[in-house]
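There are structures below to look over.
The same subunit A turns up in both complexes below, where it pairs with subunit B and then with subunit C.
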Partner chain A sequence: MSPWEALALLLLLATGLLVVTLRNAIHAALALIANFLVLAGVYVALDARFLGFIQIIVYAGAIVVLFLFVIMLLFAAQGEVGFDPLVRSKPLAALLSLGVAGVLLSGLLGLKLAFSQDLQGGLPQALGPLLYGDWLLVLLAVGFLLMAATVVAVALVQPSRPLDALRPEERKEEVLR
Partner chain B sequence: MTLLVLAAVSVVLTLLGFFVSVPAFKRLTILGLSLGLLALFATWGRPEAFGPYQVDGVSRVFTLLALLGALWTVGLVRTRRFEFYLLVLYAATGMHLLASTKHLVLMLVALEALSLPLYALATWRRGAGLEAALKYFLLGALAAAFFLYGTALFYGATGSLLAGTPGEGPLYALAVGLLLVGLGFKVALAPFHFWTPDVYQGSPTPVVLFMATGVKAAAFAALLRVVAPASLEALPLLIALSVLLGNLAALSQKEAKRLLAYSSIAHAGYMALALYTGNAQALGFYLLTYVLATGLAFAVLSEVSPDQVPLESLKGLFHKDPLLGLGLFVAALSLLGLPPLAGFWGKYLVFTEAARAGQWGLLVLALLTSAVSAYYYLGLALAVFQKGEAMAAPRPLARSVAFLVALFLLLLGLFPGSLLPALAAG
Partner chain C sequence: MNPYPLDPYWMVALKALLVVVGLLTAFAFMTLIERRLLARFQIRMGPNRVGPSGLFQPIADAIKSIFKEDLVVERADKVLFVLAPLLGVVFALLAFGAIPFGPPGSFFGFQPWVVNLDLGILYLFAVSEMAIYGIFLAGWASGSKYSLLGSLRSSASLISYELGLGIALLAPVLLVGSLNLNDIVNWQKENGWLFLYAFPAFLVYAIAALAEAARTPFDLPEAEQELVGGYHTEYSSIKWALFQMTEYIHFITASALIPTLFLGGWTMPFFNVPYLWMFLKIAFFLFLFIWIRATWFRLRYDQLLRFGWGFLFPVALVWFLITALVVALGLPRVYLVYLSGLSFLALLGATFYSPKPVRKGGGA
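And now, the complex of A and B:
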């Protein structure tokens, strides 16, 4: 294990632990960003540069911002959660994650990959032909999935009847729901 | 061809929904699903392939069942919002895709395409079902994560994303195990069944019909491709837990939908017996009888009440409405597997597969639990003949469909051989 790998491992573990132990939800989200940035560095080091940038743009950029929005909306802009929704679940959760880590480690130890692909630096030039060649059907299926997800999201937030057909008190209820 | 038809209909109807009335939209959805069925039958027996999308016998039979479930659900539901029908159509497309591919990533996409609409459908009646639907969603997301992990490890272990690639070693076993968790959740195999009773009880009954028929069919098609080629040590444990837990927990249920939820867990266990030899014909026949019987039961229940149905409220159904009462009677007996009905042959075929695989312990357990299940199935079947004040909505079309399905279950039980060659030809 090279010193860089050890550093990445330590940073990943530390930020990951911070995410689940910090009491302030905003701090936890910031720790998550740090975790994603280190992970992006790992991807780049593994020759998957495009994936690394996507990791930064999509995860650190878009998804954590979404987290922050939700935190601000739910806790009235105060990150201090201060309560544990699942009481006494922490030891159990720790035990479970250690167990999963152990199982994964035992599976991965001594693994020899008998195959490799030329990643060509992991840039989009190498990914594009693959995406629109062998993986075309999967790409189309993802498009279908996104359309379905959009309709699902709209159907979930819609009131049971059109808003202008509701009585005033019903409308209030729908808005509060 | 089928995928093209279903996807095209989905897209067109998404746009049309804003311009036509909801009853007309319902008819259009039925038309679209029927077109899908037509495309399926038009190419029956001829393999098709486009990249990782490969239609073979397994995919045809299981898609047929999923589309039947979707049609039945759409037919039973009356709602003010057209999105309901659209979501069923999306889910049916996802099911067809899931049943017709060996590519694990495509499987994951299809799995999500069928799950996301179902999460929304489970919450269709706000309030009562919300908690159950949230449970379904959270556990479902977790199961999808397991499936994704399994996919990554599978690629690491075999160097291929195609299910059924032979492999060995602990990593391979772990990968297939994780894939089994992801799919086992969808078919409600114990111990991944925790969502089932709550969701079945809290969701609108026609949606439950869809979950019990379409989702099971599609996910078992995937299980057949993923798990059957890799003999897993964990499978007997899952089967034993499912048949035991499902049947024993159903004994004490007082509510029909919850009872059928536990029965669906038990049936998932019986179906999984066919995974040992990977015999698609036996599994397909079992699923056909199960889909028809459980669909019939839920269709009758949804006529009695759109909400929960305590066993008390079923009493007197036969006197109030002979067709519905008889339908529930036949459905319960077929689920039990009583000889003159189709369910018997389904169980017979699946148990034969278990015997062929040499799983005698499991076979004895399955037979014993089947006998135990007689207690609650007979309770359900005989409740309709007792004296009581059952109510049922007057809907002639739903009634005649229920009658036809009951008749079909009886005929299929008398002449099971007439359909098996067609299923095998697929």
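And now, the complex of A and C:
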């Protein structure tokens, strides 16, 4: 293990630990950004440059901003003590994530990671035909899944009737919801 | 694989330093130039007391903002409160290094850019996405609801316009077939400037870049009278100056990126001198944006978001699909030039024949 690999490992573990131990949700989200940035660095070092930049743009950029918006709108970001909606859920969460890690590892062990294609350092010119050729169905399936999730989320927050058809006290309730 | 020669590391470091120092100096004097120009637009003098025709005004401003009292709100998150402006400045400075200023070897035998990345445009996106955090954290760490609301406003509009910006850039990328900024400039040198091929994308990009730099039609953080300011309401002295610095660096970077991506970069069909045309094009866009600030109104927040999502985003998407169709079917690229011309005529027509706004609910 080279010093750089050791540094990356250390940083990934430290920031990951901070994400689950920091009491303030905003600080935890910041640690998550640091984690994603280090991960992007690892991708770039492994010659997967496109993946590295996408990691920064999509995850460190868009998704964590979304997290931060949700955290703020839910008032979970009180400075002194974090607001814990699920009391004593940490052991369960640890158990579940260990289980997921086990599943992923067992999946990886049976996989033969040998590529016949030259990916040119992970440039989009080489990745594009692969992604939209051989793996097109998988891509479409993932896209469909995300769209279904979005539609469900929008449907869940719809008021039972249009807002202007509600009585005043009902409307107040809907706005607060 | 890489046709562009690499520099030794000490040279890269030196050039990075040069870019940082150059941008900070440009920031200081842009404040003066902007105030003088605004004054000229409004038929007054502007700052002209400190030094010959006000030339030392930026130095006086710097001294003033450093020695002002540095207030920190009681309920502020002390660490993030300091970290936020620094993050903003760092990520603003990072973007400029990818812009080429001349052909390879024209910087005293070295390369006239700091980094030459295969994924140059993705790099620019990554950096500008991360720049949102400076704004976001500033508002949250201030411990004041007005700052928080301001930062929510600013970051929501930044994210919205980032989408239009990104999709507008897809059309030129499809035509060139590369994300490298040098490749894009060289393609334009051979085939003609990209705004001829993608006029709507150029327009959308320029408007979205204004929004990204929080310049006038979109400068909600400056709206003290209506909105109690933006994310930097609670900041004072040098930290506030750092936010101004961030905004001006974004402004200068945007003015350099628009010509690089759509107007041929450092090239020119005649009298081709490296650096000269690039600096002239940057100066032109800086002037244009100051002009817009002097003459234009500020959009209301919901109008701003509606314009971003309801107009810029669809226009960019449609133009991307048209370009994709032309590229995929192997049609001649001249069709895109004709379509660009048509869209320009449509824009002109819409400007001249737009109906007068109807005032709802009576009133004078």
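Keep in mind that, in the parts below, the second predicted complex is superposed on the first by the 129 of 177 C-alpha atoms of A that agree within 3 Å, B and C clash if a C-alpha of one lies under 4 Å from a C-alpha of the other, contacts with A are read in each partner's own complex, and residues count from 1 in each chain.
By definition in this document, contacts are C-beta pairs under 8 Å (C-beta built on N, C-alpha and C of every residue); 3 or more make two chains touch, one makes a residue touch a chain.
Please read these numbers as outputs of a predicted model, since none were measured by experiment.
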| item | value |
| --- | --- |
| Touched partner set for A:A126, first subunit B, second subunit C, both or neither | neither |
| Partner chain in contact with A:A141 - subunit B first, subunit C second, else both or neither | first |
| Dominant contact partner of subunit A by residue count, subunit C or subunit B | B |
| First, second, both or neither for A:G107, with subunit B first and subunit C second | first |
| Partner chain in contact with A:A149 - subunit B first, subunit C second, else both or neither | first |
| Which of subunit B and subunit C A:M72 touches, first, second, both or neither | second |
| Touched partner set for A:I63, first subunit B, second subunit C, both or neither | neither |
| Subunit A residues contacted in one complex by subunit B, in the other by subunit C | none |
| Subunit A residues touching subunit C - in the complex, by the definition given at the top | 26, 30, 33, 49-50, 53-54, 56-57, 60-62, 65, 68-69, 72, 77, 79, 120-121, 123-125 |
| Of subunit A, residues touching subunit B in the complex | 103-104, 106-108, 111, 113-115, 134, 136-138, 141-142, 144-145, 147-149, 151-152, 154-156, 158, 160-161, 177 |
| Residue ranges of subunit B touching subunit A (in the complex, touch as defined) | 7, 10-11, 14, 50-53, 80-81, 83-84, 86-87, 90, 93-94, 97, 103, 105-106, 109-110, 112-113, 116-117, 119-120, 123, 126, 153, 156-157, 159, 169-171, 173-175 |
| Sites on subunit C touched by subunit A in the complex | 1, 75, 77, 80, 118-119, 122-123, 125-126, 129-130, 132-133, 136-137, 140, 143, 148, 152, 155-156, 159, 177-179 |
